[in-house]
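When the chains are written out, they are named A, B and C in that same order, and each has its own residue count from 1.
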């Protein structure tokens, strides 16, 4: 393991140097909320903010992304034929991404990089992005990452993990990609990794996580029985079917594909979509397999906490960032629903032999 | 990396109006680039996204058979934005086809077996592909029964072909209509479930049923097959759901943990029994 | 207002026990500070789940749309006005409802408090006119009137306008407020300034439609923004599409909006889209002397014609 000490005085300068090779993204304030967005030249990421309101998923997976361009001009020999747009953009770096958010890309990759098909757009963006993580020394009260498969110092999905050591960062360089970025930023003060201190920080941070979910029984519960469980009406009652949970979530990936024309030219793009919207499943015939609100709320939780578990046998599709918990307009709390699901069918009384 | 969203450019070579209400047309396409036809190697039961620049894409079952070379065929019902526009297009127009997508009827399992095809309305397309494929490989299959129904004689798809199939002695055709006002109608009259009850062979280990049709037909046909002793792993169905990507990425079409577009559209009834009825 | 809780439970228990209603719609305690969750109860012994405090800002009229059973609903001034709208617009029958009026002193603005507190808030308690806020390493106390939702701060209909029972005596209505000061400020801008102002206002929109879906007025089976044949609005983040959604939605609420604040409260990215609906409220008030949802006896202004309607805007 290689570690580098970054004096905070060299932070802004290093980023500026790196910006000549990379497009930088990071937490910045926009209006009254923090988003994870492209950093304008000279703009420093706000490293003090805990979880940005919108997740960093848009770094790799923008809310709307052009897939093809076309013309319908019959005089053009390529009329009606799809062309991939030219991209000559620099590689990206997500600066100060939190470990849970970085881990979300590992979960989402299982969808976009399957044995049968590879989503070229997502993968291209993902592979050209370097993830410079920032450990969470002070997690939020709604963070439940430690029971959702990651944690405040989790490294999976990161290329570098920074820990805040007062006047400097300690950077653990986790991959070659991370090393390349560090060089591009001119940060080269190699140090012996302060493993003991690091463990201390990590333990202290984990101990500050006050929120949790139980997921141990999910895999073994019968899918259909859980789908037909009695608690869904109550869990879904308050839902207004907006897309807040799905659009703030770092692990939601559903999308729509649309064509948009201007004169004879046009683009085929994809944009985020949400299983909370009735239109999401509406058939051309008018039939809607998930026409009721309860069905859609159930779908979202079943997808994240059961179908995903069934399909990949590798944990839940949630990293415990708490965004949906904090910002659901009607306080539907995934922690409660997860615990309801996990305890489904559990014997209510003990039998003593 | 191959872009799975890229539609192969195709030209419309022929358009046939299939039904008397003119809502169903069969489009015959040829690939602009011959190498795309090779890439588009498919099995009966698969579907593709028909792509029209400026309008979007629509998932449609492949109606031609892989044994038919040099073209692909799709029969399209006029329903929404894309299909309505497609119905206005002309021979020679350029559009796109993306696929083949999804799984197919289990041809390896079906080899050497009796096959009962049960279809209704305009869902007969991939069944047409299957019949053409089996007839081209006739010695590989046992007895073949086809039960196909539509509202009226004029609503049957592929009428000329049906008439030819009727004449064959290696194929048991049971064409039916809900009602016929044509005095010369010489085939069955009655709903598909009733004709199935009348004509379908007894179930055995070597007989498989493939059902594709509107939900109401499936709902009433399944009990008939149950009563006749068809095991649920011998009943094969093809599902429809709203789709966008066709490759299991966009998550529009999921039914429980499976995607209709990628893990389906073909499922045994046995498998469907384990899934929520969200289709 | 926390004192209302006991009374609310008592009423719910009685109504369910006496089979006066099948369902009671109210709030249960939320899992995060300053959030309560709308809920329904159908058994008298579940009445103790219900709570009331300054975090009941969701408009419960939104949960009545097209329901078939007999329902008791707790209604603040604004909720009751939206219930009136619902009845007038045939979204529910008056006979189906047992309206329990909740005289209101305004709801707490969670975003404002979050902005004022020096760190993450873990606990909020109301104590008369004080709102006490705790975090991991701080404790603050704010004057309730300084942390009200901005619509509540200028509300002149705090008492329910229609009810079968009240949980407490009516509160004194505010009279010394300038309801449309923020709108007047925008009206004074030049067209270019307005454009820039709205551009910035709507820039953070992620098109989650929380504003629309939190609104009791937005009950269309298919919203114009979701129509595909024809498709009026694109689905990308193109600003023209985003503006079209917000502006057109506001117009659909003209003469119907009660300024309950549900839209702004629901927005996950802090957009005050109420500025749009409020401008139309102001117009309705100035042109027709109309305030939405005050009476069951009259159709809203865009629904009726009177020979003396103002027409100076017709050119």
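By definition in this document, a residue touches a chain if its C-beta (ideal position, glycine included) is under 8 Å from a C-beta of that chain, and two chains touch if they have at least 3 such contacts.
Please read all numbers here as calculations on a predicted model, not as lab measurements.
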item: Shared interface partners, meaning chains that touch chain A and chain B; value: C
item: Maximum centroid distance from chain A, chain identifier (CA atoms); value: B
item: A-C or B-C, whichever has more C-beta pairs in contact; value: A-C
item: Averaged-CA centre spacing for the pair chain B and chain A, given as whole angstrom; value: 39
item: For chain A paired with chain C, centre-to-centre distance based on mean C-alpha positions, whole Å; value: 31
item: Chain centre separation (chain B, chain C; CA means) in Å; value: 50
item: Per-residue overlap in chain B, given as positions that touch at least 2 other chains; value: 80
item: Numbers and ranges of chain A residues touching at least 2 other chains; value: 256, 258
item: In the complex with chain C, residue positions of chain B that touch it; value: 80-81
item: Chain A contact footprint on chain C (complex, rising order); value: 30-32, 35-40, 58, 62-63, 111, 115, 120, 122, 136, 200, 203-204, 206-210, 212-214, 222, 226, 234-238, 265-271
item: Complex interface listing, chain C residues touching chain B; value: 228-229, 231
item: Partner chain A, residues of chain B touching it in the complex; value: 1-7, 9, 32, 51-57, 79-80, 83, 93-96, 215, 240-242, 244-245, 247-252, 254-257, 262, 274-279
item: In the complex with chain C, residue positions of chain A that touch it; value: 30-33, 35, 50, 53-54, 63-64, 138, 140-142, 234, 237-238, 240-244, 246-248, 256, 258, 260, 269, 271, 274, 277, 279, 325-327, 329-333, 335-336
